[in-house]
Amino acid sequence: MEARSISMLGTGLIGEFYTMTLHSQRGRDRVKVAYSRSDDRGKAFADRWDIPAYTTSLEEAINHPDTDTVVVGLPNFLHQEAIGLAAEAGKAVLCTKPLASSAEEAKRIVDTVESAGVFAGYLEDLVYTPKTLKAVTAVQGGAIGDVTWVRSRETHPGPHSAWFWDADKAGGGAIVDLGCHCIEIIRSFVGKGNRPLDVMCWADTLVHPIKAEDNAVALIRFESGAIGQFEVSWTFRGGMDLRDEVAGTEGTIWLNHFLRTGYEMYTSGGGSGYVAEKIESEEGWLFPVGDEVSELGYVDMFSDMFDSMESGTDPRETFYDGYVVNAIMDASYRSAESRQWEPVDVEWRGGSTPRIKKHVKTHDGHAIVKEEVLPDGRRKLILSDKDTGSIFDVVT
Amino acid sequence: MEARSISMLGTGLIGEFYTMTLHSQRGRDRVKVAYSRSDDRGKAFADRWDIPAYTTSLEEAINHPDTDTVVVGLPNFLHQEAIGLAAEAGKAVLCTKPLASSAEEAKRIVDTVESAGVFAGYLEDLVYTPKTLKAVTAVQGGAIGDVTWVRSRETHPGPHSAWFWDADKAGGGAIVDLGCHCIEIIRSFVGKGNRPLDVMCWADTLVHPIKAEDNAVALIRFESGAIGQFEVSWTFRGGMDLRDEVAGTEGTIWLNHFLRTGYEMYTSGGGSGYVAEKIESEEGWLFPVGDEVSELGYVDMFSDMFDSMESGTDPRETFYDGYVVNAIMDASYRSAESRQWEPVDVEWRGGSTPRIKKHVKTHDGHAIVKEEVLPDGRRKLILSDKDTGSIFDVVT
Amino acid sequence: MEARSISMLGTGLIGEFYTMTLHSQRGRDRVKVAYSRSDDRGKAFADRWDIPAYTTSLEEAINHPDTDTVVVGLPNFLHQEAIGLAAEAGKAVLCTKPLASSAEEAKRIVDTVESAGVFAGYLEDLVYTPKTLKAVTAVQGGAIGDVTWVRSRETHPGPHSAWFWDADKAGGGAIVDLGCHCIEIIRSFVGKGNRPLDVMCWADTLVHPIKAEDNAVALIRFESGAIGQFEVSWTFRGGMDLRDEVAGTEGTIWLNHFLRTGYEMYTSGGGSGYVAEKIESEEGWLFPVGDEVSELGYVDMFSDMFDSMESGTDPRETFYDGYVVNAIMDASYRSAESRQWEPVDVEWRGGSTPRIKKHVKTHDGHAIVKEEVLPDGRRKLILSDKDTGSIFDVVT
Amino acid sequence: MEARSISMLGTGLIGEFYTMTLHSQRGRDRVKVAYSRSDDRGKAFADRWDIPAYTTSLEEAINHPDTDTVVVGLPNFLHQEAIGLAAEAGKAVLCTKPLASSAEEAKRIVDTVESAGVFAGYLEDLVYTPKTLKAVTAVQGGAIGDVTWVRSRETHPGPHSAWFWDADKAGGGAIVDLGCHCIEIIRSFVGKGNRPLDVMCWADTLVHPIKAEDNAVALIRFESGAIGQFEVSWTFRGGMDLRDEVAGTEGTIWLNHFLRTGYEMYTSGGGSGYVAEKIESEEGWLFPVGDEVSELGYVDMFSDMFDSMESGTDPRETFYDGYVVNAIMDASYRSAESRQWEPVDVEWRGGSTPRIKKHVKTHDGHAIVKEEVLPDGRRKLILSDKDTGSIFDVVT
C-alpha cells in the first residue's frame, strides 16, 4: 500500500473536515500543501494541521512537486478550473460535491478527466457513512427485496459560508447544497443502474431574505418504478437532521446519521466545548455523535478513493455519478418552475433495470391479494377475480 | 352529563374498535343495537360486546327507539344512504373516514345533514391521538412558530377487508384508505383556516395484483406557503408505520404513534396473544403500544363528539372537514393522472391565511441572512446586499 | 355499572391528578366533596373541578352523606387516621402510595380494613400504566420465559411539597417517595406470589441539604432466584425518568413511560404552556407525553378499583400489597445501615414459587452449555463434562 | 509517525477483531506473525489477513525478528506467561482484558513490565468507543457537574469459546468476561483518581449448566461518594446490550453502543450475510451497527496505544488500570460470597478525590432545598430550618 501526498484546495469547513480525516488515526496519507485565497487563512490552516507548505496560487498548489493527488474543496463555481489544471498536471483529482453548477458543466468536467486519463473521484461523503455502506450491502444482498421507495432527508438551519447563500455563485440554494447528497443516497439504494426518468419538485423561499430556495421536496421516478424522495431545508430547527428510509417488498430500513444515534445528553449548561456540527444550543437535551468524521462518511470515503487508485478500479462515486446528480438537480429546478414532471436529461451509461416484480400467487386461478390467518386458525384469502378484477374473499 | 345510546352500523374491524372504546373504562355511553349485513356476524358481535339487540336491517338499526346517535362504520360506498336515513330519523350521526367516495358525494352528504339540522361528526380518529392533540395545542400556542412543512405518513401491509382493495367499491386504494387520515393531520397542524390550493401527487401499483394504487406520495400547497406531504402505502413491511413530522420557523415536532412508543420487546416466540394491529410476526423484536384505542385516538374522539353534542358546539372534526378531505383526494387522483399540480376544487368556508412571515433583521441596511458566534467570541454576519442582493459576510 | 361518589382527601398534586382522571373523558364517577387542611385551597380546588362541597374537617369529608368511597391523597403520616375513619364509616377506601411509614403501621392498617370488612384498594398508579399492564400480561403469557431480573427506575429533580423532604414526617426520602412504585412494578413482573427474601440497599444524601436519602439503589432477591433492582433519585437532571427493564430466559422487555415515548419537540422557546410533569426547561429539545393521566396509569387504576368494587373481587393492588411494599422498604433502610443483605420481615400470604428452571439438553451425556451454527453450516456444541464439569467443545 | 510491526498472539474472535482493525482503512501498522495453538487455525488466519508468517510456538512468535510489538489476545490464564516473554524480549506489549485472573497475578504482571521498562497497554476497547471518548471529555469539561452515579451494562447470550465458560480456567464467569469492561467505563466517568472503596455484589447461576455465575450486579462505592453499578449477564435475549448511563449534579448522559444506534431494519428473511456480533436472528426487526470495529472502540484504542508509544506517554489504559479492575472484581466475588460490602484491596496510586460538593444556597439563614416558580410567577422555596432541620416552605 502506498502513501498518498495531497494538494488540499480550500481551507473552509470542508477542507477542515477532509484534512482532519486524512490526518486522523494511523493513516499513511498526508496533506503536503494547502491552497487558500487568503494568505492568513492558509497559514493558520497549515499550522493547525502541520502541513509543510501553503500558497495563494492555485497553479502552484496543484503543481506542487511533492504531491500526487489534488483534493478540490472549493466553492462549486471554481471546480471546473481547478479540475482542468489537475488534469493537465496528470494528477489524481478528487472533487467535493456538487461536481458542477449544471449538468452541462459537469459533462465538460467528465470529458476533461477522461481525456486526460487521470483518476477522478467524486467526494460524496454521505454515501460512505458506515450505516449507509452496510445498508446498501444489505439491500444488494436481498434483505429487503425490491426497493420501492427511498426517502433521503438533509436539513439544518443553513450553511456557514456566504457563497452558499448566493444563488448566482452556487447555482441554486438548498437543492444544490443538500439535495446532491440525497440524490446519491437514493441512487445507491435503488441501484446505480436504475435510470432516473423524471422529477417532480417543489421549491420555495419561505424564511430567509435570499433569492435561492430555502426549502424543497422532490420525487424522482426510476425505471424500475421505484420512487426517490428528497427533502432539503435551510430552515430546520433543532440541529442537523440526516435521515434515510428505504422501503422494499421484503423489508424496511431506517437510518439516522446525526440527531438520534445512541448518545443523549442533558446539561444545565455549565460545561464548555464543541458538541456537534450545526448544533443550535449548548444546554438542555443534546444529541452528539461519537466520531463525526467517521459517522459522516469521510473516513471510508478517502479509503475507497485511495484504495481504488492503487487497484486501478473505479471508486464507489465517480465524476460520472456527479454528472448524473447535476442532471437530476437541473430537472428539479425545471420542475419547480414548470409545476410538472420534467425528464432527466442525461447521457445514460447505466444500462437497463426491469420493473419491480409482482410475485402473484393464485387460488383457483384468481390472484391472491392478501392472505391472513384468522384467530381460529383458518386461512382467509382476499382474491382478485380472474375475469372481472373485482375483489372478494374466501375462508379455507 | 347525559349518557348516549348508540346504533352501531357495521361490525367489522372499525365497528370493533369503536365499540371497544365506547364500552371501555368507566364510560357512560353504550351501544344499544348493532347492524350487520350478516345475521351470524351481528349475533356474534352483540354477544361479544353485551349489546341488547342486533339486526340485518339498516332502517331498523337506525330507527331503533332506544338510541339517539347513529355511528356509521360501513364501507364508504354505503355512507350516503346510511347518513340520509339517520338525518331523516333526526338523530345525531357520526361517520367513519373517508366521508365519501368523492367531493361531490361528500358535498351532498354535508347538505343533507345541514338541511336536517342534526349533529354530524366526522370520525377521523388519528387527529385525536393524545400526542396529536397535545402537539396541535403546542403549535397553536406558538411553540414552533409558523408551520412550514408537515409530513404525515401512514403505511402498513394492507387492509383486512376485501372491499378496501376494490377500486370500484372504495373509490381508490391507499389514498382513500390512508391518505384521508394524513390530510386531516396536516390540516390540523397548518391550521384549518389555511386554504389548500393545489396538489401534486404520484401514485402507482407496485406490488399487489389490483387496479387501485398501493403506494402514493403527495404534496399539498397551502395559502400560507406551507407544504403538506402525505405518504401512504399498502406494501410497508414491519408493522404499521404512523408518523408525523412538523417543521416550523421556531421549532420541530416528531410524533411516532405506533412502532416506537417506548415499549420494546424481544421474544423467542414461546408466548401467545394479541400484540398489536397489523403486526407481521410474533417473535423477535416487537414494538407494541400500551393501549391501542387510546393511542389511536378513539377515546378522545368519542369524548369530543359527545361533549360537543351536549354543549351544542361543533366537534373538532365536522362533515365539512370530511368534504375538504375528499376534495384534496380528488385533486390527488387528478394530479397522479395529469402529472402536474392540480387545484383543490372546494367551496371554501375557512377564510384567509397570510403568507409565512419573514422576520428579517438588518445591519447597515443589508438584510441579515445568518448570524453566527465564532469560537473567539466575535459575531459573523452573512448579509444580503441591499442593492444587488449578492451575499457577503462581515465579522464584528 | 354503578356510578361512584367520592370523598377526595387532599388537594395537592396527587389529589389534582386523581380528580383530573375521575372527571376526564366520559366517566360516570364523580368527586362530591373535597377535604383540605386549608379553606382557601379547598375552595379553589372545588371551584376548579366543579365539586359541590369542600371542608377542612376530615370527619365531615369522610362521613359526607353523598359519598360511598373515600380516596386518601394525604401525606403518608395521615393515612392511618383517615383510613380508620373511613373504615368506621363503612365506606370503600382507596389510599395513595406508600400505604404507611413502616410495615408495622401498614399491618395495622390492613387489619383495620379487614376487620371492618370494607373494600380497600392501594393506589399504586405506575403498575397500571397501559404499557405495564400489557407487558405484565405478555410475561404471564410466557412471552419472555422465566423472569430473571427486573430493573425499575424512577428519578426526577425532587418532589414539590415540603413534607416529602422531611424524613421525620415522610419516614424516609427518595426510597419512600419513589421506591414504593418500583417495588410493585418489580413484583408485578416476577409474580406477586414470588416471595421477597432479602434486600441489599445503598442509600446516600449526595446533593440536597436534607437528612433523608436523595439517592438509593437496591437489589431484592426473590424465592425463584429472580432479582429486582430499584433505582431512585431526587437529583436526576433532564426531567422525570421512568423506565422498566425485564429480562427473561426467553426474552426482554424495555418500557419507557415518560422521556422517550414517541413525542419529540424542539422549540426556540417562543410558545407557552404546560409541557409535562417535572420538566426542567421550556426550550430546546423537549419530550412530552401524550395524555399524562392515561400514560401514568391513573385511568386504568380507577377503572380497576371501581370495577372490582362492583364485582366483589380484589383489585390488582390491595392494602396487603402496600404492606409488602413497606416491609421491603423497611429492609432496604436496615440494609443501607448494616451494609449487608437484610431479610424481608413480612407475614407472607403469597404461597411458594419454584426456582427458575434450567432447561438443560445433553449430548453424549454431557450438558450442552451453548449451541452455535458455524458459517460453514456445521454445529458447534460447548459442553460441560458430565464427570468433571470442565468445559470443552465439539463440532458436529 | 512510525509504523508498528506486530506479533499477534491468538487467532480467536478477539484476534480476529484486532487484526481486522489494524489492517483496515489506510493504517500503517501491520501484523507480521500470528501465533495459534493450532497449526490449521494459524494458517487459515495468516491467509485470511495476508500475514507473512505464523507459528505454534509462543516464544517464536514473540521473538520474531520483524516485530516490535506483542499483542496478547489469549485466554486470561495465559497472559502472565506471554507478557513475561514479551518483557524479556524488550518489546512493547498490549494485553487484552481482563489483565489477569486475580489482583495478585495482575500485580505481578505490572511489576514484570515495569521492571523490564517496556511499554505496556491494556486493551480495554469499550473505554475507547467514540461515544465514550466524547462523553468522558464532556464530563471532564464539566458538562454534567459532579458525577453521582454510573451504570454500565454489558449483557448478551454468552461467549463463543469454551474456556470462557470454565470457571477454573477463566477465574470466574460473566463478571470476569464482561464486568471488567463495565468497571473501566465507570472509572473513566467518575475519574481514574477516584478511589474505589468497597463493593457490594450479587451473582448467581440462573440458566446455564455451569459453575460460573451467568448473571451479576454490583455496586462500587468511590471516595467522592459516587456509585458505580455494573450489570452483566450471559442470559440476555435479543442481541448484545451495551449501554452506559451517567448521572451528574448538572446533567445526564445515556449511551447506547449496539442495539439502538440509529440503524433499524426489518427483513422478512430473504437476504443473507453477517449483521452484527451476537445477533440472535436474521429476520424481523434487526439493529445493526454501522462499523463494528469503530463503534466498539478498537480503532481509537490502537491509535492511542501506538501514538503513546511514539510520544513516550502513558496510554489511556495502562496495566495498572487492569490491576485495579482485577482488584474490584476480586472484591465483587468476595462480596457475592459474604453477602456484605467488601473493601477493594489495591495498592493505590491515584491520589485523593474530595466528596461531591453540595452547593447550598440559603434564605434567611435556612438552607434552600428546592426552588420552584409557580404558575402565577411567584417563587416557592422549600427550606430546611437552620435550627431543627425540619422542612417547610415559603412563597415569595
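Residue numbering begins at 1 within each chain, and the chains themselves are lettered A, B, C and D in the order written.
Just so it is clear, a residue touches a chain if its C-beta (ideal position, glycine included) is under 8 Å from a C-beta of that chain, and two chains touch if they have at least 3 such contacts.
Worth saying up front: this structure is predicted, and the values here are computed from it rather than measured.
Chains that touch both subunit A and subunit D are the following: B, C. Distance from the centre of subunit B peaks at D, each centre being the average of the chain's Cα atoms.
With centres defined as mean CA coordinates, subunit D is found 49 Å away from subunit B. The distance from the centre of subunit A to the centre of subunit B, each centre being the mean of the chain's C-alpha atoms, comes to 33 Å.
Residue positions of subunit B with contacts to 2 or more other chains are 144, 237-238, 250-252, 266-268. Against subunit C, in their complex, subunit D makes its touches with residues 144, 148-149, 151, 155, 157-158, 160-163, 165-166, 168-169, 200, 202, 204, 206-211, 215, 217, 219, 221, 225, 227, 229, 231, 233, 235-238, 241, 247-252, 339-341, 356, 358, 360, 367-370, 372, 382, 384, 389-393. Interface residues of subunit A, counted against subunit D in their complex, comprise 1, 3, 25-29, 129-131, 133-135, 137-138, 141-145, 250-257, 260-273, 275, 288-291, 294-295, 299-300, 302-303, 306-307. Residues 237-239, 266-268, 280-281, 283-287 of subunit D are the ones touching subunit B in the complex.
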